[in-house]
Amino acid sequence: MAAQGAGQRGARDPVQTEIDIRKVSKVFGQGTAAFHALTDIDLQIRSGEFFTLLGPSGCGKTTLLRVIAGFEQPTGGSLQIDGKEVAGLGPNQRPVNTVFQNYALFPHMTVAQNIGFGLKMQGRPRAEVAATTDEMLNLVKMEEMAERKPSEISGGQQQRVALARALAPRPRVLLLDEPLSALDLKLRKEMQGELKRLQSETGITFVFVTHDQEEALTMSDRIAVMNKGRILQLGSPHEIYHSPTERFVADFIGDTNFLELPVSAVEGAEATVTLPGGNGTAARLPDGMTPRPGEKVITVIRPEQAHLVEDGPADLQAEVETAVFFGTDTHVHLRLPDGQGFILRRQNVDHMAEPAPGTRVGLRLSPGALRVLRG
Amino acid sequence: MEATKERHGWKWLLCTPALIVLVLAASGPLMIVLIYSFLTPGNMGGVNWEFTTEAWFRVFWRRDIFDPDQVTWNEAHLTVFWRSISLSLQTTLLCAFLGFPTAWFIATRPPNSRAIWLFMITIPFWTNLLIRTFAIQELIRNNGTINALLLQTGVINQPIQIMYTDFAVLLGMAYVFLPLMVLPLYAAMDKLDFRLVEAGYDLYASRIKVLWYVILPLVKPGFIAGSILVFIPAIGAYVTPRVLGGGRTMMLGNLIALQFGQGRNWPLGAALAMLLLIIVVTALVLYLRWVNREEVRRG
Amino acid sequence: MAEVTAGTERALRGGSDAARPARRRNYSVRRLPGFGVIAIFTFVMLYLPIVILVAYSFNEGVSQARWEGFSLQWYEAAFNNRQVRDVSVRSLWLAVTASGIATLLATLAALGTTRTSRFPGQTMIYALINQPLMVPEVVTGIALLIFVAAIKVQTGYTGMGYLVAAHTAFCIPFAYLPIRARLETMDITLEKAAADLYASPFQAFRYITLPLLVPGIVAGFMLGFVISLDTVVITEFVKSAGQDTLPTYMLGQLRRTVTPEMNAIATLFLALSLMIVTAFFLITRKRGV
């Protein structure tokens, strides 16, 4: 059946495509009441990668996950898993398993019965079900709890059981729908590490849905940032954080300064923009964007990519409005000469004095940090 | 439009067996009652298949035996209607008077003992109505517990006649229907935010004023639900007035039954049954409309 | 400084006192004058008649007012009364049969009417299912009397079928309620999870939905059982000669001067109802199993 051959897999070509999504769209309702949950999604998820769909609630990430799982049928487009078209197949006919947000553990079954359920439904021999269940219990370190009911174990333990249950049939792809959202912070950190470990031990492709940008950055091989049913940017955590190409992406991930600056020259993928105060500096352009000189563009720079300079050359001058102490770092709120606000994050090494409100300071930007946004 | 695309056939298929039984043994016979109310009575009960509105006419009026054109109010029937409505309303009031403090008492118990008090209210509700009526009868009949006790202690020297009076019926109905008032009242009080009561006291209201201006308006839905739940079975009561009221204090339910027994006037009985149904449905419709309006008002 | 110390002292003496230092008396917003008294009175009045009824079933004599010593003679009389035995067996048989059928039908109907989008005719189905709850029993009773009389004339059949059908219809809404409630609170993602784990729709029903529904089905059956056992008006109108159930037998006996034998029968009946209701509560209260 569908999950055949998923049992023993050797090392695979790392860039082989596991899930191939082309022009997938999903519309709920009709006519004027129609809601476009997904619009022309094109996405190739690679074998064995930890892939994250990131976005605010209602952005379509969960719908996309449900389309992959088979709980929703796409309105248009094609969806291939492991090279086979799966449109029209039910969730029980696809080699993917889901870890549900609320875990959806069967309350009337023991932990072991929950884990063995998928294998039993596949009609595997009793001995194999038992062996794999033991193996999975071992994998998630839940051997002691095998005979407990889900109501008798903690939230973190339920999470492990849900993972073990979804992994037991050795799916090609594991789908995780905000699985950590119900856990408290400490447990969440622990489970993040656990998930990474399980992924590398099993080699199964993980598709992870979250609205938590930090979680996405720390865990993923690649991230797709979604909003309003579309994928805005796709890339490694580094690319997403340091080279956002859309305002939404820059805003959604991390703290950001947006500066509206005039372009003075364009050379290939790089533009020269004029900073408040008159100095010119280089800013990288997103693919396919060539603004005309004199045109104003939105640029972005992270708060930790600007530095206060006591003496020596500064890129621009600013006036301190307030400084907020956060322990490891201090956020300095600045006002630029043209009136735009700017936040700078300074690491607190030793006992550094906070700059007093009203003082004029010089700012230096990290070379290559400034980026032009599309739009 | 969209709904037609979905397949609903299987849902109907699952409901069909239940619907067949319900139509055969509940709704269908009700239709027949409606038809019978427009037929002519047979000699030994039953009907003759001749259309007439005579049965409906006789619900309210009577003809003189010698001069059929001489029409007077059917006072015997009107007395029964009046007693039914009056006793049902009195029952509702009595249940409300006893039920409100009882529900309040339960709702203000500590959470762990609340379930026990609530259970104590529900036990009588699930025990046989006939047995509870019997228990009341044993208490109030002429050689029953109360009279015997009063006679022994010398308070009276002649048993008080309680059985076969309107009061006995009222007592019995209030006794058997009380849980129906307490349960919805409790449900409403359970949801009550006691910070609102505190706010009332904080703003200088006395206990009576808090009760009147804060608590009562907030638990009104429970109050009205309870009143409907008591009034409807009370107006349709048959067992309690039959056992405690006897032949002299008949209610609508007994009058209906009489037409199928000694009265042998099935069409009249059918018309009276329809009248009872109309009263009940009207009360229900008014209630549901009130609920809808309230839901709209509260958003 | 002195005020602080006084406050601390109060706090040490009693937490609630310190929280409201201005109030000496315990001023509970939950207390309403006289309500407790009426409530206790109500509870006493609710149970007193039943307690007396039960107590005098053990009385040596015939009186309902004078205690003449403990005796089980009325229970003995009840057990030896052939008619009581017959009507009791008939009542139990009828309750099991009618409630059993009603529970099966109500389960199917609940599966068809819950957790789906609205569909044409749904309101009508609800109305039909709940109709026995709204129509006064005496009206249903005479309606069935008319209908049954007509069928009897046509077919000549006078068996228990009429009572079974009437009780089944009456039990359906009661059986339907807990089953539907159970289905509605059931987490729909459980079935999705089963489908995700390769269960076919039938397997998902067999291994997930049905086991989780069992408490609702059991509760529905018990409710139907109690209702059928208590039904007196409908039975009174539908029964043919010699088809008395325990309640109609008792109703007939109440017209005469009754002996404490009736108390004994009622007590046993009460005990049975109480057992079922308690079991029902335990089953419905135990959630998530």
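Think of it as A, B and C in the order they're written, each chain with its own count starting at 1.
Just so it is clear, contacts are C-beta pairs under 8 Å (C-beta built on N, C-alpha and C of every residue); 3 or more make two chains touch, one makes a residue touch a chain.
None of the values given here were measured: they were computed from a predicted structure.
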Query raised in the report: Centre-to-centre on C-alpha atoms, which chain is most distant from chain A?
Result: B
Requested in this report: Point out which chain occupies the most central position, where each centre is the mean of Cα atoms.
Outcome: C
Query raised in the report: Which two chains have the most contacts between them?
Result: B-C
Query - Between chain A and chain C, centroid-to-centroid distance (C-alpha), Å - result: 54
Query - chain A and chain B: spacing of chain centres that average the CA atoms, whole Å - result: 62
Report summary line: Distance in whole angstrom between the CA centres of chain B and chain C is 18
Report task. Pull out every residue in chain C that's touching 2 or more other chains. Result -> none
Report task. Quick one: which bits of chain C touch chain B in the complex? Just the residue numbers, please. Result -> 29-43, 45-47, 49-50, 52-53, 56, 63-66, 101-102, 104-106, 108-109, 111-113, 116-121, 125, 128-129, 131-132, 134-147, 149-150, 165-166, 168-170, 172, 176, 226, 229-230, 232-233, 237, 247, 250-251, 254, 262-263, 266, 269-270, 273-274, 276-277, 281
Report task. Note which residues of chain C are touching chain A in the complex, please. Result -> 187, 189-190, 192-200, 203, 207-208, 211-212, 288-289
Report task. Sort out for me which residues of chain B touch chain C in the complex. Result -> 3, 6, 8, 10-15, 17-19, 21-30, 32-33, 36, 46, 97-102, 104-106, 108, 119-124, 126-132, 134-139, 141, 143-145, 147-149, 152, 175, 178, 194, 197-198, 201, 207, 211, 232-233, 235-236, 238-239, 242-243, 253, 256-257, 260, 266, 269-270, 273, 276-277, 280-281, 284
Requested in this report: Report the residues of chain A in contact with chain C in the complex, numbered from low to high.
Outcome: 1, 3, 69-71, 90-93, 96-98, 100, 102, 104-108, 117-118, 121-122, 149, 151, 165-166, 169
